[in-house]
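Chain lettering (A, B, C, D and E) follows the sequence in which the chains are written, and residue indices restart at 1 in each chain.
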Amino acid sequence: MSRRVRLWILSAGGTGLAVLLVVACFQLPGFGGDQHPYGDRAVRESLARRTANTVASVNFDQRAFDTLGEMTILFSAVLGTVVLLRQTRDEHRAKPAPAQVAVPVRRYALVTLPVALLTGLYVIAHGQLSPGGGFQGGVVAATALHLLYLGADYRALEWIRPVGLYEVGDALSASAYLVLGLAGVLAGTAFLANTLLSYGTFNTLSSGGAVPLLNAAIGMEVACAAVVLLARFLDQAVEIEESGKTGKTGKSGE
Amino acid sequence: MSVLPYLVAVWVFLAGCYGLATSRNLIHAVGCLTVCQAATYVLLIAVGYRDGATAPVYSDIEPASRPVVDPVVQALALTDVVVGATVTALLLALVLQISKRHGTVDPDELSELRG
Amino acid sequence: MDDALIAVALLLVAATATAAVATRDPVHQALVLSLLGVALALLFTVLQAPDVALSQLAVGSALTPLLLLLSVRKVWRRRQRQGRTE
Amino acid sequence: MDHPNHLLPLLVAVPLLGATLLVAGGRRLPRAVAETAGCAVSAATAGLAIFLVLQSSPPMVEWVGDWVPRDGVSVGIMLIGDGPGLGMAALASLLTLAALAYSWHYFDEPPRRHAGSFPALMLLFQGGMCGFAIAGDLFNAFVFFELMSVVAYALTGHRVEEARAVQGALTFGVVNSLGAYAMLMGIVLLYARTGELAMAQIGRRLDEGGPPDALVLAAFVLVLTGLLVKAAAVPFHFWLPDAHAVAPTPVCMLLSGVMVELGVYGTWRVYGDVFSGPGGIPAPDLERALIVLGALTAVVGAVLCWCQRHIKRLLAYSTVAHMGLFLIGIGVLKPEGDGGVALYILGHAGVKAALFACTGILLDRYGSVDEHALHGRARKLRGVAALFGAGALGLAGLPPFGTGLGKALTEEAAGPALTVLFVAVSTVTAGAVLRVGARVFLGLGPKPEEDPSYEPYETTGSGERPETRRRLKRVPDTMTAVPALLLAAALAVGVAPGFATVVDHSVSEAGSGGAFTSPHWTPAGVLLGLTSTLLAVGLAALAVTHRKGLPGEAWTGPLRRLQSGHIGDYVAWLLAGAALLGALALPGIVAG
Amino acid sequence: MWGVATGPLRRRAVAQNLSTTLGCPVLLLLAQGYDRPSYVDVALVLALLGPIGTLVFARLLAEDLDEDPPRAQALTWAAAGFAAAVVLAVCVATEPGRAMVKLLVTGALLIGGNLVASRALARGMPTAEERHG
């Protein structure tokens, strides 16, 4: 339908919803209020299990089933992207020309790469102590790997990260999370129960029972997933060409 | 002040929906979808705030020494941010394929599915 | 003092989000979205949520812009080559 | 097992583990091994689901991670193992198994190293649906809602060489994601007011909080918008025909068979657990909202179903029409109504999946799903013709079929005025399917001539490439056996003696706990079923013989122009629908 | 914020680079203000990823930036100076030890990254001699 009709419907629906939401906002308990029953219970439970970072305890211990769902969404989104961006029959791979990169940028990339990888691992490892965790650390580590693409060129990146290996890594770490959950059922308690391992002493690396293990599994899964995701997008943007088109692949080799 | 965060969240959500509906470029539309997503995070974290409280992370402070913010909302938002990025990547992959098969990314020119 | 900080961060986020929606060109929108990521991280830190700020930074500063720009490059190169072959 | 409720989370964990191992091992596995592994895991989950359904007489409650509530409150996530929930999980598992069996060696060569990707995606889909069906926690339901959607986008866009497939998948993706974010906003509003995430506790806290106010209404509108987008109610239904016209057939079977019904199930559970108390939305409001939306959906679905040439879009619109009927069935808020809808959903899933399977055979045999292009070409496929005809009659609600029994019960509960609507809608939809069957399989009536002037604005079914690598000379037996089995199951739902009473008993026990009526074939029900079937056959005969299109072609034009395939329109309609939902449910709140 | 939303492409890219360079010191001040040393991790990750984000833009928008390379040396140096000042101030405030090391690493990463990124924006990706040759 024409743009004008669409604007009319949009403004009608939008204003109706806006009025409803604004009135609801005024009914909400005031911002910064003191009434958070669920939050206080969660803090008490997390301290009881000696996990310093309450958010990690909620994520990997109290509501671990949610995190299982979120991890599966991540896994299926990456699997979907792999399936959607596969190389169809009418496409061929054109080798990208090596790009020249300014010397200071190359030096900066090579210096920052190890630091970034170290920071990523640090964020994952200290997930249940200081702010951080599997999700954030995984993304930082994956981005660090792609510094090579920014610093050097695409072939250097492809050399150090065989995509197949990361896809298997992604799937295996996802199944590791599930097996850790199933361990609870096999041991007689409930699925994803955190009652098997000892909780260790407060504020140390091994505190919180299964939380660090689940954290590590998620960290590896997110890192591999992000690498596979970027690999697929880079393939599309850099390598896969339409074999149907006659035009040369342009100077913009990466 | 006691209602500003909620109003900002509603405003950002509706702005994102407006951008999504009137977009002339599918990549711009996916960008607006991420703006809508950001609105849900703002509302999520604003609901859990407590005046004069600090983050519920006890690596550098004594437990129960200071009032803390609600950790549950943070856990929900935390996973949602990363998952949202991957879902955006999936939608961008679809946009890539559309541009490959349709030759255009302007929703007005996509004419395949009608009637 | 806290309320003032929160209000400033909120208004910054609102302004950046409106700018992100208003810029029609995807390349410019990618730039504004990376700024929106930093603004959100500031807001979450002010609202005492460092974990969420960390994850928003990790995702919003490097991953999303890279994906957006790679898509724009793929779409733009197709149209540029089409333009040349016609 | 003395306490089977510990097995509830396994319903989700087993398919997910199967999917991850399939992807991990998929690189080396030959294609046959990957697909057998997929079917095996899906069958195991189906067996587990059926075992749990049989145990669900007293509804089970499971707290994941052993977080059993102390003095009434808990931190963990609650899973509900009652009749309807586990019934939907079992239905989802069985249909996934049928779809996997149907798609045996179906697709052209998958990417070299990803033999296991399609079965893995189907297993993830099954895991997501089972998770959503047994979720007792609102945020957990949202997570599995989004998991179902993400896998459905990837599966819908699976044939990336098709220009339509990618556009339909993107439209589906954007609209459902926006619906999911609206639902998340609704959940956050409820969490802010009640401080709880488990549905039962939220309901209890809302009731303690006194009469409903604008916040409860806003939360209701937002959460229901997300669910109704999934259930394809009228202003939100635009994505369904686009997604169905392009998705591979096994995916269509799942989308139409059970995923859309999960939207209706979600609506029923969220209203029943959260908003049904004194603190929630008053009953007359909900009745008005659901019945108005349901009636609108049914009428629009039926009319557009009648004017379609593209068989898959025709079946998609008939699903939209039946969604309208299910919403009305739930909207009357009577235990018999809920029981009838449950039976109707079970019957409809079997019949609709069988019809999609037959359409898939047509597509792969003749490379087209366009009614006019296929005119009289499928005479040789005797078996498929019989299945297609039986499916169409089942859709009309012929007595022995489960759909007939479900429809009769729902009509009884809905009252006379709505019964007329039920009969009319099932007549039109079944008539359309019968018309297609008659023209394609029996070649009845004159060959409809091509009048290019009339519909420049219509997606015809011609020009579709078959999904298998080359046209199938002989239809493999798996592709005919699966629809036959599905139709037999739909028949069993209607005929099996104790089955209907067990379903109705478990629904009313889990739902509003009303009186246990024993559902059976009433003479009125049989009569209504027969009338709608006869009317459908008459309408089809009229359409086949009548040369020039049908009465009412003119005024459906603008209605069809609304289905424009443009994302901006659909988002605008989504916002308008949310505002409409708010307006419909408003009077009670203002008065209350 | 105004720089990113309006104006020619090169000004927006510089503004984006500035946003991370200014954001990190603000985070450090917040960490100091709330008396929570654990917030420094957030600043550390921003110092790490900010310049990488700008490099992404520089790398993928190389062609567009070539036409009119951004000339914003003064602004970049001023921001770098401000960041250095903040880092030093916070270092003075915290007692030496692990926290101090983390702060220094953050400061070094931030300033180094900012300078490299702004040079990449200014001179575009091809190596310096090719530009003059």
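Definition applied: contacts are C-beta pairs under 8 Å (C-beta built on N, C-alpha and C of every residue); 3 or more make two chains touch, one makes a residue touch a chain.
Keep in mind that what you see is a predicted model, and the values were worked out from it rather than measured.
Using mean Cα coordinates as chain centres, the one most removed from chain D is E.
Centroids built from CA atoms put chain C at 17 Å from chain A. Distance from the chain B centre to the chain E centre is 25 Å, each centre being the mean of its Cα atoms.
Per-chain Cα centroids separate chain B from chain D by 28 Å. Residue numbers of chain E whose C-beta contacts span two or more other chains: 34, 36, 38-39, 41-42, 45, 49, 52, 56.
Each of residues 1, 4-5, 13, 17-18, 21-23, 39, 46-49, 51, 54-55, 57, 59-60, 69, 72-74, 76, 78, 80-83, 85, 87, 89-90, 92, 94-97, 100 in chain B touches at least two other chains. Within chain A, contacts with two or more other chains are made by residues 6-7, 10, 14, 17, 21, 26, 28, 36, 38, 42, 53, 55, 58, 63, 66, 70, 73, 77, 80-81, 84, 123, 130-133, 135-136, 139-140, 143, 229, 233, 236, 242, 252. Here the touching chains pair up as A-B, A-C, A-D, A-E, B-C, B-D, B-E, C-E. For chain E in complex with chain C, the touching residues are 1, 4-5, 9, 12-13, 15-16, 19-20, 23, 26-27, 30, 34, 36, 38-39, 41-42, 45-46, 49-50, 52-53, 56-57, 60-61, 64. Chain B meets chain A in the complex at residues 1-7, 10, 13-14, 17-18, 21-22, 46-51, 55-60, 63-64, 68-76, 78-83, 85-87, 89-90, 92-94, 96-97, 100. Of all residues in chain D, only 139, 146, 150, 153-154, 157, 160-164, 166-171, 173-174, 177-178, 181, 184-185, 188, 191-192, 197, 241-242, 245-246, 307-308, 455, 457-459, 560-561, 563-569, 571-572, 575 touch chain B in the complex they form. Of all residues in chain B, only 54-55, 57, 59-61 touch chain E in the complex they form. Contact residues of chain E toward chain A in the complex are 38-39, 41-42, 44-45, 48-49, 51-52, 55-56, 58-59, 63, 105, 109, 112-113, 116, 119-120, 123-128, 130.
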